[in-house]
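Alright, structures below, take your time with them.
Shared between the two complexes below is chain A, which pairs with chain B and chain C, respectively.
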Partner chain A sequence: MLTNNDMITVPQAVGLMIMTILEIGLLILPREVAIYAGSDGWILVIVGGLLALAGSLVLSTLIRRFPGETFIEYSGKVIGKFLSFVVGVGLVIHFTLATSIVIRTFTDVTNAFMLENTPREFIIITQMLLTVYLIRHGIEPTARIAEILFPILIVPIFAMYLIAIPKADFTELLPVFNTPIKSMAMGSLNTMFSFFGVEILLMLGPYLKRPDKIYWTMFVSVGVATLIYLFVVVITFVGIGVQNTKMLIWPGMTIIRMITAPGRVFERLDALAMALWTIASFTTANSLYLTGALTAFHLTKAREFKFFISILFPWIYFIASLPPNIIATEKLVYVVKWGSISVGIIIPFFILLLAVILKKKGGTA
Partner chain B sequence: MTNIFSKLYSNKKQELFFERDMSPDKSRKLKTDIAENLNIVNEYLYDCDDVITRIFYMGHTAKHKMALVYIDGMVAMDTVQNEVLKPLMLFARQFPLEYTVGEKFFEMVKEGLLTAGDIKETDNFGDVILGILSGDTILFMDKLEKALVISTRGWEKRGVEEPSTEAVIRGPRDGFTETYRTNVALVRRRLKDPNLKVKTIKLGRHTRTDVGIMYIKGVAKPSIVDEVLKRLNTIDISCVLESGYIEQMIEGDWLSPFPQLRRTERPDVVAASLVEGNVAILCDNTPFALLAPTTFLSLFQSPEDYYERWYIVSMIRILRFIAGFFAFTFPSLYIAMTTFHPGMLPTDLVLSIAAAREGVPFSAVLETLIMIVSLEVLREAGVRLPGPIGQTIGIVGGLVVGEAAVRASIVSPIMVIVVAINAISSFAIPNYSVAISFRLLTFIMIALASIAGLYGIMLGLLGLTIHLVTLKSFGAHYLSPFVSFRFSESKDNIIRGPLPSMEIRPGYTRPQDFDRINDRRHDTIDKAGDERADE
Partner chain C sequence: MNRYKKLLICILSSMLLLVGCWDMVEIDRRLFVGIVGIDTSDEPNKYTFYFSIPIAREIIGGEGGGGGGGGESVGLLTTEAYSLVDAARNLALRINRDIYFEHMRIVVIGEDMARKHLKAILNPFARQPEFNRRSRIAICEGRAEKVMGVTPWTEKLKAEYMDSLYAARAMSGKFIEMDLGDFFRNLNSQNGNILVSKITPNKTEVNIGGAGVIKDFKLIGWLNEEETQGVNFFLGKVRGGDIVVRDIRGEGTETFTILGEKTKLSLKAAEPVPEFLLEVYVTGNIASTAHYITYYRSKLESKDIERMEELISKEIESQILKGVKKLQEDYKVDLLKLGNFLQKHEPALWKTYEDNWEEIFTQVNIDINVSTTIKNIGILR
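Our next item is the complex of A and B:
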């Protein structure tokens, strides 16, 4: 078992959730919403955020319904041991894939903006080693890291994007409500993908110190993440224009490249942006990797949790170095996003539905 | 990691502490015959020429044989003369004593004759030998199986002086000395609280050093006190010459570059920490006390922070953190920026750096290493040399050699600036141990930056954060209050809030009594009071 006091407090849970959600979306979300809805993109972020909130409500309800149990345990009660095992294996695969693409996307961005000549494998390996060094300590230190790094990430992001405001052209946000409902719906669903990461809640149930405050925790986490995404999208739109946003791979990064720090300390702010991006990617990889190992740990009912960190390591490395180029990585990202929707929201939703119908409930402990 | 190393190096000692103890244990009882007793003492302390045995006869008829044993130089001779020898040899002769040797006689000597302040009786050789070696005087009496341990400790010692490593502009100037009792008294003088407890144990098989822990009962968390005592009792070491031995023996993670106990020379710091719920460890023969648990933040604090006004202190603290950051990252940032990401710097700056580096044959990494290593050598040389020569070394090294190196195109002028800022920043950190750790981390960061530029620096910083987050000092998070954050603690971390607003004690020590300051000014001296004062 894990160390006995491995419990996370409410602020830590909030920090962990936000830091898990925030990553690739910071860079690619402006492009995606621009493609779907043009200048209405920012509405998609709000709708997507609401959808993600609804999804996290399902997960929170499950935690409240089966206190002190992980997804593996309560799904076994509801849909039977075999099916729950299959879903569990699916979860492990999903978290492995998710960790891989987070690390891979980070590597791609680093290769593109910072270290052009550094071998990809070096960046993947160093990033993974750092993650392993942390998650070997358990859940609570991982949450503590997220809690500490949260302000370090958020404050500079706001400061950095705010510098772009004087050059902004707010007419880019017009016209409003000009998009057909169908593409709005598709776009919202796609935006919801950017909130992938909330599914780590499936495994965190028994490790929450205050499971009774889980609704509040999730409301704050998803709400803050939505606001940050909204901010980034709006600033990107007004900063570089909706049409330009559609054509860039990582518009969130490009806008930072364009702005100059006041006082001309730095010619461009990529340095700072890359530093922040490292933090965002690192924290996400941490929680996904940790949750993957945790899932495997609960699935096999093993005694040693750290063992699974080592087992997942080569697979994550292998998958992360698999895509030959950025396009292939993007395709893999879509696989993970669908996986996130299915194992993170659809399957839990059905399990919750079944649990309600069959009147299955966890103990009160 | 720790586990592997401790497994590698553990040579589990089965025998107990006292079995390998050099002095006799307490089971060896005193004999009746005084000559026999002195023989046994001599058995332990033969070839110790500084041990003085004084045999004399007491009483009117000079029939009671007695002996004093002490070590020359460790006892206050006037105490031995006036409080022990004089009463026994002179006063006792002035009137006839009709007692025969026995219990009553012993009581009379102990309670009626000796004028020394602190007397204990003992019946075994363990106490006797330890007493002699600690500077006590032992009084043996013929035909009695008991002896008296008279506290006559007194040796040449340094007076209370201003602490040299923690100087303050405003604040008390007295610092700890090398004498344990003086140090305890310096703290006691500040805390006239019956709840201030002092527990003394002896550590070191050869040195038998007095090591005391101080805490305030009802404030310090009992589990922390127990943990400190438990760890102190596990120490099995041949000698304790400085509190640094204890620090390294009881800290949790000895692979960490950061000290997990705060050391201080100042009694006011100890007093303040005790009130905050810390436990202080005082050690004989050293002016440095240790404080546990410690947080990373407290190593960036100076006692003066609480004596000055809060605006100024807050600004100084923020400056210290900036300096602390530059103290280990500045050269690596320079390397990363110039070799990996020159595009991130303003064009003019890149051009001037390039112009300055023209003619320098080395790469930026090698150039930095040359400068940093020579600076470290200068620092080390300056520490060892006495004051005036140390300054000369500073001037010769810093100005003359630096200028010459730039002229000779071995290093660029910008490099000199970078290294100088790095060094100065590290000395802005109040705690010398941390400053040194940061100087060490500089090298690691330089290595990382030269491998992977800014990404390497981020790796280093994140790795450092992970290390600090998982580090604990006696059960307290090293990074508290930043982890498990509470709003009430936000008034005394990076900034120092106004003193009246700090209503509770910091939470990392989990004090039992949170109540720190109640600002009652507004209840008692309201506006009317001010107006009265105006009149």
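Our next item is the complex of A and C:
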């Protein structure tokens, strides 16, 4: 029944994509859009989501064009072996960094809200060991876990944030369209960064059972992720105010601590919120780590990809424990976001462009 | 192979039992702070902190029926420190348990403190997640020490007593209902100006009526109970309480209990100073009149009801005007959220006023239009 043939079905791919996209943004996106556009922030989420959709359109077109081939293989055909190797190395570095900051942000939040005295390194190591244990079994179990955890994450998130509604002040969303176009554009770009994780699609190509359904897969995943982000941003704005959101490091978490259900039935949802946050960051770390190892595996054409998990381990640990404080982590997050745009979207876009111009096409596998 | 499997199963199942928590503190090693009080101190840069802590042992003993022999159910710790966190750490030298703020019910800030150093003292409450954001915040007339010394006769725990006072929103509109989270939120959106609850202690009880006016992170004065209710009416926050007006037939008074309120603020004219129109819709019941209770002497006609509604509307309007006047003329601070209203609904206009709003606010015209609906008159005509 449980097959492990390293092929993922369409629902698994959707689950994997959504769970990869949903992570740090859940907690920090409200602040970022508030700083860029104030009460117009929620518009940025929609525009950013559309941009991310456009980005993933590029990736899926590539997959449709070269079915069954890895990114390294077809980019080698289009831009030459050497350049594709360089891009591949860039991707490995990007995925390593991305895994590190996901794990590091998880650690920071856990330290701030739950385990104040637990050493940071200890949390990093335990989280990483769990991830390694899972992804050593390959892509199919990883996707299956994402598929299973998806409803466990989404349903409570909606239920939990809805409790904030009775105290909400919806005039916080006014005025609408009052931000200069320039900061709207910058903000949308920045919001698109929060969708980092879509670039795992690059590596997923050859493992999809139905590459012909890739457009549908990606449309649903980015769409659902946008809706969830939009929901969280709106609730945070109306729940704790736009100005207040700008000051808080993790507004998505702070709002939980201010929620009281009518009649004080549910008062302290911190533990639930932490559990959900653990799920969100665990699944993201899984897929980013796995994708990093897969990239290295494709790059070297080695026989086993598990070997690369061990190679990446110390690097991820090292980078995750590198930033001295949260503000430094934020800077690293920024680097990863730019990396996501450049190696994840812009370079594939040029490869696609070249492939179209040079009329390169994959076999009809 | 089989042996290794068995060994593995043993090791794995033992892991289920050997779990632990790094940050574990047993509940009996903790002290739960109920009330935090803050006062100024004679030493420079230092403040006096009070922590009121329920003593679990005594509470349980008391419920057992007279046991315990009159032990205090609440302990009070006092220390002088540079900040709240510093104060909690100072106590580590004297108290063998961990001080724990997650169940903090109310923060009481002394008047002197609020007038001078409010900014300095608020920071840790916002920065550290361990402070309960659902706790109340109040400014005390005089020193906070007096509030800490109150021994209520209704409840064993002071914190519980004071916290549940604030649940009386359905009974009165004469206080400010706000928790720490809302406090920070409003402080942010109104740029350091806010109305905060006032607390007045006496020996066995406290009074939470009235409000403190904070302008730019400093307490600058008080609103009395009526003015507070007026401002609450203005902001559409009144959910209960009563209005007493003169009886329609000239002698005695009538009591009108409020059920709810809706407000609608709109801008009438913009130049040179903005003019606002506030429409207030109040619903409620007539609870008592000064009429005779026999049919032939006096009964209520529908025109009486209309006159009553008029009288009540007038009274509400005058209360609102009192609050507005005090804020406009005496304190010169926009706590009516008019600036926020302009910012949200007329962003272009707000840009022209933004820089000297403080001055403009004092000249703003507000037309108030109250309409009252009496829903019920009880079971007597």
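Here is the rule we use: the second predicted complex is superposed on the first by the 354 of 365 C-alpha atoms of A that agree within 3 Å, B and C clash if a C-alpha of one lies under 4 Å from a C-alpha of the other, contacts with A are read in each partner's own complex, and residues count from 1 in each chain.
Definition applied: contacts are C-beta pairs under 8 Å (C-beta built on N, C-alpha and C of every residue); 3 or more make two chains touch, one makes a residue touch a chain.
Quick caveat: nothing in here was measured; it's all calculated off a predicted structure.
**Q** Putting chain B and chain C on the same copy of chain A, do they fit or clash?
**A** clash
**Q** Have a look at where A:Val242 lands relative to chain B and chain C in the superposition and call it first, second, both or neither.
**A** Touch partner of A:Val242: chain C, not chain B.
**Q** Of the partners chain B and chain C, which touch A:Thr126 in the superposed model: first, second, both, neither?
**A** In the superposition, A:Thr126 contacts chain B only.
**Q** Is A:Met203 contacted by the first partner chain B, the second partner chain C, both or neither?
**A** So A:Met203 meets neither chain B nor chain C here.
**Q** A:Leu26 in the overlay: touching chain B, chain C, both, or neither? Say first, second, both or neither.
**A** Neither chain B nor chain C is touched by A:Leu26.
**Q** Looking at A:Ser39, would you say it contacts chain B, chain C, both, or neither? Reply first, second, both or neither.
**A** second
**Q** Applying the document's definition of touch, where does A:Leu115 land relative to chain B and chain C: first, second, both, or neither?
**A** both
**Q** For A:Met258, is the partner it touches chain B (first), chain C (second), both, or none of the two (neither)?
**A** A:Met258 sits against chain C, while chain B stays out of touch.
**Q** Counting only touches as set out at the top, which of chain B and chain C does A:Pro175 meet: first, second, both, neither?
**A** Touch partner of A:Pro175: chain C, not chain B.
**Q** Should A:Ile279 be classified as contacting the first partner (chain B), the second (chain C), both, or neither?
**A** Touch partner of A:Ile279: chain B, not chain C.
**Q** Would you tell me the residues on chain A in contact with chain B in one complex that are also in contact with chain C in the other?
**A** 114-115, 118, 122, 267-268
**Q** What part of chain B is in contact with chain A in the complex they form?
**A** It comes out as residues 337, 340-341, 343-347, 350, 452-455, 457-459, 462-463, 465-466, 469-470, 477, 479, 482-485.
**Q** Along chain A, where are the residues that touch chain C in the complex?
**A** Contacts found on chain A: 39, 112-119, 122, 167, 171, 174-175, 178, 240-244, 246-247, 254, 257-258, 260, 267-268.
**Q** Which chain C residues qualify as touching chain A in the complex?
**A** 21-23, 102, 126, 129-130, 133-134, 179, 181-182, 184-186, 188-189, 343-345, 347
**Q** For a test of understanding, state which residues of chain A touch chain B in their complex under the given definition.
**A** Interface residues on the chain A side: 9, 11-12, 110, 114-115, 118, 122-123, 126-127, 130, 133-134, 137, 141, 144-145, 147-149, 264-268, 270-271, 274-275, 278-279, 282.
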